[in-house]
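We just call them A, B, C, D and E in the order they show up, numbering each chain from 1.
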């Protein structure tokens, strides 16, 4: 699969033309233009070309090529390098696939480099092109649109994890599936930890974009970043709450196991006591003494049976009443 | 159900007249007037009208329409947008219903938009109108009155959760209802977590209102916000204490289950030992050897019975003394 | 019980005269005088009188009347409003009673309002009057004396809780009273939580009094507040340590229960194995086969008994050695 | 083994000559030269020589000689003293060996002193010499190269610990090796704690190097330190995540043990109940009463056997259905 | 025992003469002299004398007399009052004894007041007198020497606790001494908590001494305080690591108990099942039915024995294979 390259020049919020990477400097000679490039797992050569056109830093390009970075915001001179983690439900294996989007943002360009499970930004592009009055704000607004798109992808994931948690609660309080429950709690914990790790640095990235006096983000674009920030915080909070509930669910699980074991133990003890009576009585009358007058009685046998049953019944009702059976 | 609209102009702390939303800009031409609008789950069209009259920001209006925001305070130019969570006991299902109140506050207007389980602010309005000298302080005071009203609704809820906790403690230390106890602990934890999540951002919102030099909140209104802040902190603390007590109660629950199981185990072992004696003795004298002199003895049978009972009695008293029975 | 009112004017560190509340403004016309008023659960009317004399804020007076405030320090103009929690051992019910003391401090007055389990400040007053050179420092020093008095009341309480903890440790490691232990751990945790909640805001109140440039607390009075601060921190630390030890004690309790259960289980298993041998042997020789030669042997019966006992003895010693019995 | 000494002068990014320690001051008379010395567990005498040449502080030299320092950054006048912990997998004993590298950095020298499991910096030296344009930036760049080298050694270690964790998860959810699992969890926790302790101060060291306006680290070298910082943070995060997962794995382990015990208990109880039936019936018909009509019936024996088996079968299927067997 | 008083005047780093406390002001008339006094549990009178000579604050003297202070640093005008906790292993009762050293430091004096298990500072004094070039730096250096001496006493204690922890680990993973293990874990936790409480405020005290521009600590003495600070941090870290390991050890202990119980339970169940077979068979053939043809067979008895043994053997091997025995 050849790498996806999508390189377009915009002016006044409208698409001007597709621009081959080599012609970028040419195109940028015209004032009021900016370039938005979208790349998917590009080769090293391609990245080097982009680097030369915009004068990006070696270390940032290396990061963008190797991926496996943690979410972060770095400033190199007057340009920004932003790493974001993306996530998508993988319905086939009922798990979450993670990817990365790396963004280079300068006064006149936005370059996005996607790795792994990272949705195409074609959708963002067409949404932006549909609102030229906003797109005309320049690269700052494109940055917002991309971040908003990435953050909003976490909502369905967190909802799906919430559904898992609810199903788990049901299983715990039903008392069904004890063994699988432990495994599923662990799996859910792991998923939540990974989502948390992907989302929580986003809050800090948004916060920095909003606060520091960057030439790149004009005053009237800030409320939009505050909106992304808000969404990031909400996802974070939802994950935190689910983590806390999961911990409580685990505790409930453990205490219900203890309660069940307690009940099983009591029931075991109760039945053992009831059954011990006839065994003992039968043992006594199975003895071979020569002088056991009861053995000779006409109604010895039925009498003993009846008395034994009566004792068993008495025990049964007593245990029943005290909750042991 | 048509949306509730309650739009009134005030001057000098007194109600001047009801104002249809279209006439607002007309009315505000008169100096010293301010408008207080109360809306309940308004349609998009209505919100757009309000937006136009006061020049509110798109993103804030969107939030107010979609609801499901986290509690927050945002500044747009010289106006405030505040989201608060409200809560009410639902006695029918013995649970808590949550709602949201969104407030837009400017120098000459207050707009409250209520969603879900959110009490009508008619009560606040009439209370404010009863103290014109306070209401004459303007929108800042109305903001206080609304926040105070919302925060104070949490007290009965926290008290109800406290009662639940007390009942739970009783059940734990009585040793009754082991199985339900685990479920109820979980439920209470969940409720406390939700209340905590609704209340704790309130502290920060109040704090910001109190501290930052807002033209909207005159010096002499500040102590009132400190009062609201104080209530928010108290509710927070009460919830924290209940959460900590609940954790301790859970630990007590688990350790009592362990103690009970220990006791059941010992009792089981004790009775098993006592009952093993006659079973064994009877087994021995049930053997069919030709030469078992005891079987021929005149008082062999009663003698064996008496000795066996004596041993059982001895064991019983020993176990009793050492606390196994 | 009529409310206690104790209103005295001081000049140069010496008691000048009792002052009815109505005459306060009269008395304060003389320079260098200050008034110290002590009230116990005053009615609303009385508080309103005091409010008028010193120009106190409505919200503070409301708080002082309703009580149930959290410990805090508030500034209203150039006067302070301080809420402190007090505590006393209730020997009758072996618990802790909590109360509140509210203090209004201005340049020329100190008003203390006590609620609930709050010791009379008569003792503080007489101690202050005994050191006129210190009392002459004015309301700042009186504030210190009252706070010192309140904070020092926590030491015996923390000591008593420490004794409880020690007794509990004894019970846990003795292995006695398993069931009550869980209840007592919970009770102690609750007490420590309440004391913590009462004391920990004191640290912050002292810190503020010490640091901020208040006209009320002259330079040379500051070391005294640092002393109170130090005591508050010490009490806090003691409570924290007790809480941590209590957690460890609970863990020790739980692990000892597990160990005991383990031992009981092993003992049960050991005895079950030993007793199973004669039962099985007796069962075998109780079978009614026609051709069982052993049954005919002269020493079959004693032989079987001896062999059986030997096996039991062997098992007993083996289990004993491996620690199962 | 004589201590390794590697002392080289550089100018303009290129190796000039090896320099005996005594001649250092001579060599440094030429401008634009700097010295890079690598020592491995040097004797006190050698360190004193180095100290004299560069005028290092007594306390730093003492630290560098005794080793066993915690990772730290100290400034002495215009020179830096940095202690870093190094780590290497010891495949023989399947554990981690830790070492220390101490760095003295001045305007014209870098001295590295290695102790214990600390890889030779020959590799760093040759890598630096391969990029003269970077090496010409001076001691600041050498410092980066050494730190980068040390930090990157942690990645394979963290990966190995991650593999251990995965193997452990497998063992836990397979249910195999219960006893060893507890030991391995403990061992892994210990390893993670030690790695954490070695790595986490690195973040702070990098942060200080990056932020404070040190003459030693020119503006264009900073992004390199940010890169090291980034790696240190990533290792830290990976360790934190593994610690959290390990905690969850431990919880899963404990709850699976409980579940297993529960199941074993139920199975025990179930079989005990099933086997109690024939024992009891056999006991009854082993009684020696004269009048037991069933004993005389032609099909009494097979009938009793069949009925008993039927009851056992019924119990078996019921227990099976309710999950006890 | 009369209190130890050791009062000496120094000039230029050399001991000038012993000075009775009354003559101090006389001696200090000579410039460049400073006094170093060492007291051990002094009476109130003696302290008052010292107070008068140096003009110390009432509250500090009270603290120094009553002891039982928490570690702290307080400034009174241009003098310092420092409280440090000291610790020593008590080999007799295998525990730790704690003491206190209070230090008053001014421009021309150092007074140390020792309480409880606090080593004589004779050793520090002779060490200082051996390096006159350092001692000539004045009271600041003496303060360093005393603090260094006190902090270094914690290393052997932390090492001893580390040895205890290792022994404990051994006992836990050997499976020996279950009951004592719980008690020793608790004891070790308590010791670590006490050491932590004594050491952790030291870090803050050193930090303050190092940072704030105190006339008492000249620039060139600062690295020495950084050295003490470093030691304090290392002890702190070692205690923290031991606490964390102890927590993990406790968890390992609990999970090993659970594993053992699980195994005991399975073994119990296994043997119960094996032994139930012959008991049941013997019961069957012990029945007294008239028509039991097997009883008449020639090889009925040995046949039944063999079949029974075969079944037992089969069960034994199956349980063995599945790990129940």
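Of note:
In the analysis below, a residue touches a chain if its C-beta (ideal position, glycine included) is under 8 Å from a C-beta of that chain, and two chains touch if they have at least 3 such contacts.
All values reported here derive from a predicted model rather than from experimental measurement.
Considering every other chain in turn, none proves to be in contact with both subunit A and subunit D. The chains that touch subunit D as well as subunit E do not exist here; no chain meets both.
Residue numbering at the subunit A/subunit B interface overlaps only partly, since under half of the positions present are found in both copies. One finds 41 Å separating the Cα centroids of subunit B and subunit D. If you average the Cα atoms of subunit C and of subunit E, the two centres end up 26 Å apart. Counting partner chains per residue, subunit B has residues 254, 258, 261, 265, 268, 272, 279, 283, 286-288, 292 touching two or more of them.
Round the ring, the chains follow in the order A, D, E, C, B when counting starts at subunit A and proceeds to subunit D. For subunit C in complex with subunit B, the touching residues are 57, 59, 69-70, 72, 74, 76, 178-179, 182-183, 185-186, 189-190, 193, 197, 250, 253-254, 257-258, 260-261, 264-265, 267-268, 271-272, 275, 278-279, 282-283, 285-288, 292, 294-301, 304-305.
By the touch rule above, subunit A contacts subunit B in their complex via residues 169, 173, 223-224, 226-227, 230, 233-234, 237, 241, 244-245, 248-249, 251-252, 254-256, 258-259, 261-263, 265-266, 268-269, 272-273, 276, 279-280, 283-284, 286-292.
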